[in-house]
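Each of the next two complexes has chain A plus one other chain: chain B in the first, chain C in the second.
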Partner chain A sequence: MIRIEKERIDEFIRTLMETRAVYAPALDGKNTMFAPVEDPAGIDHNIFNTDKSPKEIFFPHSEVLFEYEGEEIKKVERDVRPIVVWGLRGCDARSLRLLDKVFGSAWQKPGNDMFEDPYWKEKYDDAIIFGTACNEPRSTCFCNWFGSGPHDDAGMDVKVVDTEEAFILDPVSEKGKKFIGSLKGWAEATKKDLATIKAVREKAEGLMGEAFGMEGIAEKMADLFFKPVWDDIGAKCVNCGACAFICSTCHCFDVQDEGKKGKKGKRIRIWDTCMFPLFTKEASGHNPRDMSKDRLRQRFMHKFSYFISNYDEHLCTGCGRCVSVCPVNLDIRDVVRAVMTSEA
Partner chain B sequence: MKELRETVKSLLTEGKVDLVIGWEKGTMPGASTPVFIDTAEKADSLIFDSTCRNNLSVYFTKDRRELAKDDKKIGVVVKGCDSRSLVLNITEKQIDREKVTIIGVPCNGVLDMKKVTGKVDGKEILEFTDDGERVTVKGREFEQTFPLDEVISDSCVTCVRRDAVEHDLFIGEAREPGSDENAYVEVEEFEKLDSGERWARMEQEYSACIRCYACRNVCPSCYCNVCFVDQNDPQWIGKSPEITDTMIFHIIRNLHVAGRCVECGACERACPMDIKLLLLNRKVAKEVRDRFGSVTGTGLENKPAMADFKEDENQDFIMG
Partner chain C sequence: MSNTYIPIQMKVERIEIEDPDKALRTFDLVFVNEEDKKNFEYMPGQFCEWSLLGLGESPFGIASSPTETDFLRFTVSRTGSVTNEIHYLREGDTIGIRGPMGNWYPVEKFKGGNVVIIGGGFAFTTLRSLIVYMLEHREDYGDITVIYGARAPELFIYKDEISEWQKRDDIDIQLTIDNPADGWDGRTGFVPAVTKEIAPSTENTWVVVCGPPIMIKFTLPVLSELKFADDRIYTSLERRMKCGIGKCGRCNIGSKYICIDGPVFSLAELKKIPEAF
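Moving on, here comes the complex of A and B:
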């Protein structure tokens, strides 16, 4: 564990910037998000969960896959420097790990040759994730529903704890250990630091609301598929995509060509969501998820049933962003409660 | 609140309505959530205060039209702006006036939560109370009280029709509309900019758009069976959050609701990126008022400006 005094944090970030593209929480206009760091002094180390989730660092809203001109295919020039993410919260670190199960090589089910996504891998595989433990979780936080907590380090390479005086960097993964081991000129964490970490951790955990039991939700949801509970849950949903687009784990996309067909243009992949009617509309004009409640049900089935069948985990980490932005306050925690207390 | 609940209970028990759409307490401080009340017992959860930000008329349009099927009689709780949406939807033959019971509630403006959190330097609010004139917020180690007027949505600041313009029942005493002489101050400021500056301002606002369409989906005036952005054969518009396409979406939506927007501000409050969506809408509303003398949704006998023609109306944009 190394210790970086608060006044030397810019110096530390600058050393990262020498060889890597560093992303950190920043305010852009009225909203907070993870942005490439140009000047470490511009990083706000106090931003809690950013308004926009960090998934866009590795899985941008709109990503050019390649460009074409006639028959010729051109690869897009990218920043090839490895990525460092600074200031990521535990829920988001775990979200990236979940997305790596989908796009990367973190998960191979026996007998199932899952494909790997080169666009994700070339960014995520070499990335170093510095996760910041939460000392003051919010009332919208529910990471503990998923067995996690404000000081959980899953999905991080290096866990960072803010002790008021200093940032204590605790390497978690092999990659993180190698990286921290290679650093020179930083002091080791003191006994006092360790005691502070323990204290802030206990305080943070005490601020979390009670965890709701999620056991058996996958089966329960599947059993309830045709039940009227979805009419009750879905009645107030206005079917926009705000929840999905600010979600740190929603990852559906569309692929489109922009430009002149067959001549010159680019192929892009763009975030899409099951909340939009076009998402499942078939060429015939038929839409198997015609009504808004069908689409709402799909989003929650994916998070709490299908993803568990495919990857053994919930596709939600309890970051609470959707709770904050939903225009009708359709709270994902209420959805889970309604499902778990319904009769199949 | 008590009177509202009792009114709804008797409507349901007397069989005058089958369902009432209102608001109940939400899951966060300062939040309410729409609720569908179909039995008298459930009516005790109804509330009305500055947290009631949604325009509930939206539940009569889009694929929630099923609500109004089967000859169901529906009651709906409305603020002034929401009642104008209902009037618009009735004049556009989307809602049968006979089947809807309009319950007006006295509105003093609804919250802009960004303004509230701004008052407490972004600190987390854990408790919120509103007595109709002042709001009090509490968090860890702080408590603050300020006038409601300072934290209401921009659309409420300039609103001159706070109470339902059309209603069957009213909780309390409905106030008469005020003068809209000074209602468009910020639009007038915007008009003073040259076209380049206006464009730059709009680009700056819309560049934050994530194309989630929350603005469109909470809007009771935006109810095309298939929105042009949801068509792919032909595809009218690119799907990426690139500024050109984003501007096309917002400007077309803006023109689609010309003479139909009631300036309720639900779009702006729904926007997860806090984009000032109402400015262009209000610019258009001001044009409609000045050119055609029409204020949307203020009377069942008035057709929406774009669906009406009077021989003596202003035609200088055609005749030159």
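Moving on, here comes the complex of A and C:
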């Protein structure tokens, strides 16, 4: 564990910037988000969970897959420096790890790289994630529902704890250990630091609301598929899709061509969501998810039933963004409660 | 790392119009690069994404059989923007495809058994692939029965080839049209009713059903009535697709992705997915 006094943090970030593209929380208009760092002095280390999710760093809202001219295909050049993310919260570090199950690993057919997403892998595989432990969780946070907590380090390479005086860097992954081991000129964390970490951790955990029991939710949801509980929940939703776009774990996308046939253009992938009717509408006009509630159910089934069947994990980390953003106050925690208390 | 999003180049070698309305066209494609040809291994039931730069992508089942090594065949129905452009293609044009994608009909499992193939309309594409494949490996299979229905005689696809099959004694071809028509001396009636009439024996028999959703919906109960077990009946599903590799989420039903876990599923598997029908 190394110790970086607050006065020296810019110096530390600058060493990262020598060889890497560094992303950190920043204010963009009214919203906070992750942005490339140009000047370490501009980083606001007090920004909590960013309004926009950090999945954008690795899975941009709109990403060029390739460019074309006539029938010729050209690869796009990208900033090839490995990425460092500074200031990511625990829920988001876990989100990236969940997305890696979809994009990164060839889980469907192990050993078959046809199922690996090159655009994700070229960014995520070499990235180093510095995760900041949360000392003051918010009312919308519910990471503890998923067995996590404000000081959880899953998905991080280096865990960072802010002790007021200093940032204490604790390497947790192999990659993180190698990286921190290679650094020179930083002091080791002191006994006092360790005591402070323990104290802020306990305080933070105490601030979390009580975790709601979710055991068996995958089976429970499957049993409720045709039940009226979905009509009740769905009645409120206006299918705006805001929850999915803001979500750090939703990964659906569309592929579109910009630029007419025979001309210069690019093929891009762009975030999309199962909340929109066009997502599944077929050329014949038939739509397998015709009703608003069918689509709402799909989003929650995917998160709390299908993803569990495939990976034994929830596709939600309790970051609370969808709770903040929903225009009709449809709270994902209420959905979980309604499901868990309904009769199959 | 390979990049599955980048299409491989194909040349349109031959185009055949299948129906009087010119809404169905069959395309034989050949590989532009020898390397792509070598790497492209597929089985009956798989599909490709056709990739037209500037227009978009659409998935189509492969109608040729892996035993036909010189070309890939597809039959495309004109329904919307991409398929419309596909119909404007001319022989000699270059296009892109991605694939092969998805799983395939379990031809290994079928070995030593009888196979009943039930098709309707232009969804006969991958069934053609399956039939050609089994005829090439004829000694591996028992009786092969084909029940194929179309609205009218001129709407069957691959008519010449079907006439050739009718002349063979190692495959039983049963064609049916919805209503009697001039010059038609074959069967009339819908596929489910004709299947019931023919009543193939369930003894060591596998069934593959592929066609419009309505045909599948009414044929499956007939098969159950005839006492075919759910895990002996296979069908192929269609949903909107984009990536074809289980990432974009579009074809997700239950915990499955049709583009990678399907499109071929047994009825036993589908009964576990509430959204399948």
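To be clear about the criterion, the second predicted complex is superposed on the first by the 334 of 344 C-alpha atoms of A that agree within 3 Å, B and C clash if a C-alpha of one lies under 4 Å from a C-alpha of the other, contacts with A are read in each partner's own complex, and residues count from 1 in each chain.
Operating definition for what follows: a residue touches a chain if its C-beta (ideal position, glycine included) is under 8 Å from a C-beta of that chain, and two chains touch if they have at least 3 such contacts.
This structure is a prediction, so every number in the text was calculated from the model and none was measured.
*Asks:* Touching A:68, do we find chain B (first), chain C (second), both, or neither?
*Replies:* It touches chain C, and chain B stays clear.
*Asks:* Of the two partner chains, chain B (first) and chain C (second), which one does A:206 touch, if any: first, second, both, or neither?
*Replies:* Touch partners of A:206: none, neither chain B nor chain C.
*Asks:* Quick one: classify A:236 as touching chain B (first), chain C (second), both or neither.
*Replies:* In the superposition, A:236 contacts chain B only.
*Asks:* Which partner does A:256 reach: the first (chain B), the second (chain C), both, or neither?
*Replies:* After superposing on A, A:256 lies in contact with both chain B and chain C.
*Asks:* Quick one: classify A:323 as touching chain B (first), chain C (second), both or neither.
*Replies:* first
*Asks:* Who does A:225 touch here: chain B (first), chain C (second), both, or neither?
*Replies:* It touches chain C, and chain B stays clear.
*Asks:* Taking the superposition on A as described, I'd like to know which of chain B and chain C A:102 touches: first, second, both or neither.
*Replies:* second
*Asks:* For A:185, select first, second, both or neither according to whether it touches chain B, chain C, the two together, or no partner.
*Replies:* neither
*Asks:* Could you pull out which residues of chain A sit against chain B in one structure and against chain C in the other?
*Replies:* After superposing on chain A, chain A residues 254, 256, 272, 281 contact both chain B and chain C.
*Asks:* Enumerate the contact residues on chain B facing chain A in the complex.
*Replies:* 26-29, 31-36, 54, 58-59, 62-64, 66, 114, 124, 126, 140, 204, 207-208, 210-214, 216-218, 226, 230-232, 238-242, 266, 269-270, 272-274
*Asks:* What residues on chain A touch chain B, complex-wise?
*Replies:* Against chain B, chain A makes touches at 28-31, 51-52, 61-62, 136, 138-140, 235-236, 238-242, 244-246, 254, 256, 258, 268, 270, 272, 276-278, 281, 290-292, 323-325, 327-331, 333-334.
*Asks:* Touching chain C in the complex: which residues of chain A?
*Replies:* Checking each residue of chain A against chain C gives 65-66, 68, 70-71, 73, 102-103, 108-109, 113-119, 121-122, 222, 225-226, 251-257, 259-263, 265, 267, 269, 272, 274, 279-284, 286, 288-289, 298, 302, 305-307, 309-310.
*Asks:* Across the complex, what residues on chain C touch chain A?
*Replies:* Per the touch definition, chain C meets chain A at residues 1-7, 9, 52-57, 79-80, 83, 85, 94, 96, 213, 238-240, 242-243, 245-250, 252-255, 257, 260-261, 274-275.
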